[in-house]
Amino acid sequence: MSRADRTILTAAGSIDRRSFLQLAGLTAGASALGAGLAGGAAAAEPFRIGWVRPTTGRLVTSFNPLYMGGVMAVEEINAAGGILGRQIERVEEDDEALPSKEPGIVRKLRGAGIHYVVGPTGSSQSLSSIAATTAAKMIQATYAAAAEAGDGKRYPYHYQLLFNTDQQAEICVDYMLKNQGLKKIGVLQENTAFGEQATASTVKYLKKAGVEPASVQVYPINAPDLAAYVSNLQKAGVDGVIAWIANIPNAAMIFNTMKSLNWFPPVTGHSGLFLPSLFELVSPEAVKNVYGTYYKSFTWNATEQPGERQVAFAKKLAEIPGAKNNEVNIAASPYYDFVYLLKHAIEQTKSFEVADIKKALDSTKDFPGLLGKVSFTPENHSGIALADITLASVSSGVDKRAMGCMRERAPGL
Amino acid sequence: MAASVAKSRGLAGLLVQAALVVIVLALPLALDPYGYPLFVATQLGVYVIAAIGLNLLAGYAGQVSLGHGAFIAIGAYATALLTVDQGWSFWLAALAGVALSALMGVLMALPSFRLSTWYFAFITLAFAQVFEKMIVEWRGLTKGFAGVVGVQPPSVFGHVLEPAGVYWLVAIIAIIGFWLVNNLVRSRFGRGFVAVRDAPAAAQAAGASPARLKLLAFVIAACFAGVAGAFFAVQKTVVTPDDFTAEFSIFFLLTVVLGGLGTRWGPVVGALVFFLVPELLTGLESWRMMVYGAALLALMLFAPHGLVGAARSLFDRLRPKQAGQTTQPAETVQPQGAHVERPAISGLSLEVKDLRKSFGGVVALGGVDLSVAPGTCAAIVGPNGSGKTTLLNVVGAYYRRDAGAVLLGGRETKGLSPQQIAGEGLGRTFQTPRLLGELTVLDNVLLGAFRRERASLPGTMLRLPGAMAEAERLRAEAMELLAFVGVADRADDLASETPHGHQRLVEIARALMGGARLIMLDEPAAGLSMTELDRLEQLIRRILALGATVVIVEHHLDLVASIASHVTVLDRGVVLASGAPQAVFADAAVMAAYMGERALNEQASDQLSDEAAGEVARPRPVPAKGA
Amino acid sequence: MDIDILARGLVAGSLYALVAVSFNILYRPTNVFNFAQGELVMLGAMVFASLATVLGWPWYAALIVTLLGVGLLTLLIDVVAVAPVLARSQHGTGWVITTLAASLIIANGVNRIWGPDPIVVRPPAPLTTDTFSLAGMTVSAYQIFLVLLTVILVLAIEQVYRTRQGKAVLAVAEDREAALLRGVNPLRLSRWSFFLGGAFAGLTGVLAAPVLYASTGLGPALLLKGFAAAAVGSIGNNRGALIAGYLIGVTEALGAALLSPGYQEAVVFLLVLCVLLVWPHGLFGRPFARTV
Amino acid sequence: MTMASNAGQAGDLLLSVEDVDVGYGHVGVLEGVTLSVRRGSIAALVGRNGAGKSTLLRAISGLLTPSRGQIVFNGRAISRDKPHAIVGAGLLHVAEGRRLFRSQSVDDNLELGVYGLKMDAAGYQRRLARVFELFPVLEEKRRLPAGALSGGQQQMLAIGQAMMREPVLLMLDEPSLGLSPLLVDQVFAAIMALQQAGTTILLVEQLVERALEIASEAWVLQNGRMIASGPAAQIAASEELRAAYMAAH
């Protein structure tokens, strides 16, 4: 997609409305069918879910696609008759992707009598939001990779349906040390809660393997130029970089700097690096050695192919114009699975009460999610298993087999 | 009649204010205590607290700070980190935050002593930006971008405050803060702030140190910001660097400007409009900032005094004009003030020896000697550019002398600041009157008493009885002095709307109010009408009669001849002649200096020579200057 | 410490010097310091990037349109936000607020149009940003070009002030009223200076884009560093701005290398503060004692 | 040399100020002031400091706008014109204190004298030569910044700058200020030379005696009102002049 197209998407609101219309059209038939089945429940009050995402501010473009999977799930469920006959209604709140906005938004949702929340996105934003929802006993799934967010004792009402920083760090460290046989590992980290936790995990696993990081560079996400950080890594003699970068502009600056320095060490990082918009800012050769953590079910290698359900999901995404070029982010988002898991728990308990739902969620075992098998215990709210996670190559995004959201696993995985 | 109108208006104002307080405090009863509106109301209260402080700093003291957000950040971070990480109680943590913020206020004040307004504005903007960067960079302390999460509300007597309790706390602090600052701006400190902003030289002449007043304004503003920051942390429960961007700081200044810089209600109105309107207009979203920008631009162009200023001028326009309010020629009202009794003044002597001053190679004073006995009137005359005003400025320490001695009452003044010299009993007026146009005539006279007033800062802010009694006493004395100089009827007029002739008299009253024992008058007669001139002469005679010493720089030679006992003629920075007026004016060289070499001296001496008495001192020949 | 710091410092310093010169152009006839200047530089970068990279225009056409566009917008700022305030009071500081407001409008307007994502701008051929080693420094052809061009541009701007109109601008700067009495119309010169200063800011944005990316976040940092260069080099003094720009760029690079890149702003801030506290009129200002 | 725009006959009214009020903000300075200058003459405006002389000149040159009355120059009302337009009409005001551009060279200052005029290089050189003829010292120092000149040289430069424009009417405010007697003589000689070359001059001068010697007509301002006018010699001996300088009543 050209930049001009994306510019249109940037205009707040337009992206959703248009893609919703598409979704609605797609599922219109099913909807009529569902309504018929639900019968008298048509008059039932809608089931309202708080929907926290930025519609203004710096991160609108990066964050909005992450919610499309969730929107798809809502539309699918509503078309099929809703949950126990109640239609799901999304109550939108704009957090501008600012952590400081979250407590106010939770107050707003709480005031509106809402007990279930999707979002926010970003570890800093999420941890800020979770602190408030925990106190208010609201069930929530955020897009927070920080391992802390999956701590069921600390945040008993928050459920993490994505790989966390511990898991990602373990995969990355393993790859660098065992698969690549490297010893001088550098860490490049954005200065966010995600970056902090990911680096802490990385250092932890490196030390476990008896390796000290050769250099740790922390950059502010709003810095106009990141060359200094990259050259610091190079000067430290690093031969592999574990990079915790969650946004494309930063990634572009980093990879372009590497290119201008003619330095191409293996880089592993977060799935956010898969966004095709990176290719608009960086030439493909600059990212040939770059890998991101990803869900096994969405990857292929010489012997294995992606899962059937995932392929079907990819085909569906191809029908939605707004999804184009954001397929990876839509796929890797926890919101699709969360909405379905919520439906599952409600239907299991036949209740919309928070206490009942929490009990059901806490005993989830091998729920078949799009991203992997999801399991929770009252203590462990990090639902994805290590076995479902892998590393995939960024440059395979231009491969035909990618279908938008598929990627080729890193060599040797 | 006018007084009763004012009183009833004051009463109405009081009622309105009381009603507002009741409404503000009753808000939680009407709103869902856990709901969003109360959340917004609490936040608004926090902003109002910060804006009140900034208004004092930027509005009254004239220090345009674009770094106010940094002070709020200090309060917020200190509170958040000390409560969350260290387990301190909110109250202790908030106190530490306010103290740190005040400390930073002291540091921020330092550049303001040296830099001009907008240079300083830029430095503060840079500071705000750097401060935000440092919050991010010092992530070991501040947790970087992630911020501090989970700030708990304060507890009172072991009772954790619910949202409504936090609201009440914030509201009460905002109301008290409003009251305190109002008391402050109506005190000598407030007059001092305005003087620092509008006429620093007048502040110094009144014995007020601009540097100290700026420092005070900074510290008070920083304390308010620190308090606001503490509640910011509590109210949001999360503190992140994103909250304290340079933009946030700019918004605070814009808030105060929008409301009306240097007006009492400006910060309240500004914060309400700036932060509440977007909550009401959610549809505005990303247009918000552009709309703000455009509104601000329009406001600066069409209503430079903000919303409050615009409302006031609209009110003034709608109100029927009261008779006698407009500026009328000074002649029409003529209280002579001769009947007013004043206590005697023990005049100071002035001794100037070989005083030298040059500006970038141009000699303004080339070794001037002058001696004025206590209780006498000495005049300094000379053509334009001869160094008369420079002499006054060097004596008053507004300029640093290059060499020479200045003895005031026998004491060398070297090293003293202008305000210290004012405190020694040196009063002065300026060639163009330096009055504070936005204050009343009475307030302008009261400014003179800045150094005499003893009431402490807490005393004035809290309106303690001692401070109030002193203020009342000084007010009465200022009225008396206005009567003495003959403009008592103008006491409540704005100085800017007072005729020129009266402004000169007000300046003299201000100097007397400061307890001046030696008054330097710089061309007091310039621009006066005949009758005003007459009154000026009478006034100077009465001041002399009280015992004060007067040094007058003047071109009206006959005024000089009639009141001065000693005349010094300056020409190109040196004393051309000095002695009794009759003798000096009879001197041919003097007339030459005034009217050209082959001057009209025949005529002048014709008239004066009959009475000529005393020797004319001729210190040294005039050095030929030039190519 | 390595010599690369020098290269990085000179490149950044060139940009700061250019911003400072664009400040000076506006400042000379008006004594106004445009707080929107940083956003004008940003706008220049964004317009050029959109035309050259996104729409694929030839670079010279994109350059001309950018300079004209930013210049005209700056002229508009003068007409709408600065001249009316100055007409009310020549010495007031109302323009601090109005130019800040203009800055807000531009920054948010640009954000609405382009969004927050950066655009890569490649330098015109044959220049590239690929680095090579030169005397132990890692530099690119574009970086060398940028540093040289900056010096040339500053000297060229100084030549503008050797023309009669340029001398008139200096005259207005020195004594507005005296200039009036010589038949100079300061309003007209202000307009021209705003246009020229705006175009120069746009040019700075164009030149900065290949080094920094064109992004809507460029403004504030360039505003403050440009101010720092102008203030340290004495406001109004273009050669001073050039030297101060390099001084600040190198100081910043040193701070980044010796402490941490996160400290570079703080290091620059301290440098500027110290210089201004000792020399309030900058390093190259004439001590100008005006007697009142 | 005569000026193209100086079309009228010597002796008719070139400048007339008619019943003008001028003030700064609330403060009125001039009240009902009237003054006229005949073409080709030297008129002196005298009065004590603060009488309003400079204010009157500022009003004539457009720096201040009269609140009442009108000012006619060369047959055209200029009371509402902008300063640069008034300069363009040939009325030049050399303000008190020289007001040169001190950081610019003597040459640049002289060049600014012709700002806004269209002329070829030869014409420019001719005018420059004329200034250097009258003030040779300026040619010696033409590369120096004006601020480096002595007070007298600066005054010469200020007059020279005005000559470059070949004005119809030249208003000089205190040209002798701060100069030694020798230099004052030179400056007065220059003023007379200018007048002989056809320039009309309105002179404000503290050296009343000297001013009245070279002026043909004089006007006496006191406290913002014109209290006397007439042939200079007559004014020099008048009671009003003495009153204006010596008396307050």
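The chains carry the letters A, B, C and D, assigned in the order they are written, with residues numbered from 1 in each.
Operating definition for what follows: contacts are C-beta pairs under 8 Å (C-beta built on N, C-alpha and C of every residue); 3 or more make two chains touch, one makes a residue touch a chain.
All figures in this text were calculated on a predicted structure; none of them were measured in a lab.
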{"item": "Geometric centre distance via CA averages, chain D-chain B, whole Å", "value": "40"}
{"item": "Chain centre separation (chain B, chain C; CA means) in Å", "value": "35"}
{"item": "Centroid distance [mean C-alpha coordinates] between chain D and chain A, Å", "value": "80"}
{"item": "Distance between the centres, which are taken as Cα means, of chain D and chain C, whole angstrom", "value": "42"}
{"item": "For chain B, residues contacting two or more additional chains", "value": "133, 136-137, 286"}
{"item": "Touching two or more other chains - residues of chain C", "value": "112, 221, 262"}
{"item": "Multi-chain contact sites of chain D, meaning residues that touch two or more partners", "value": "none"}
{"item": "Overall pattern in which the protein chains touch one another (line/ring/star/complete/other)", "value": "other"}
{"item": "In contact (per the touch rule at the top): chain pairs", "value": "A-B, A-C, B-C, B-D, C-D"}
{"item": "Chain B partner contacts - residues on chain C that touch it in the complex", "value": "33, 80-81, 84-85, 88, 93-94, 96-98, 100-105, 107-109, 111-112, 220-221, 224, 227-228, 231, 260, 262-263, 265-266, 269, 272-273, 276-277, 280, 287, 289, 291"}
{"item": "Footprint of chain D on chain C - complex, ascending", "value": "164, 167-168, 170-171, 174-175, 177-185, 286"}
{"item": "Of chain D, residues touching chain B in the complex", "value": "26-27, 29, 48-50, 137, 150-153, 174, 177-183, 206-211, 223, 236, 241-242, 245-249"}
{"item": "Chain A partner contacts - residues on chain C that touch it in the complex", "value": "4, 8, 54, 112-120, 129-131, 138, 140, 211-213, 215, 217-218, 221, 253, 256-257, 261-262, 264"}
{"item": "Touching residues (chain side chain A, partner chain B) in the complex", "value": "12, 55-57, 94, 98-100, 102-104, 107-108, 110-111, 123-124, 127-128, 131-132, 190-193, 195-196, 218, 220-221"}
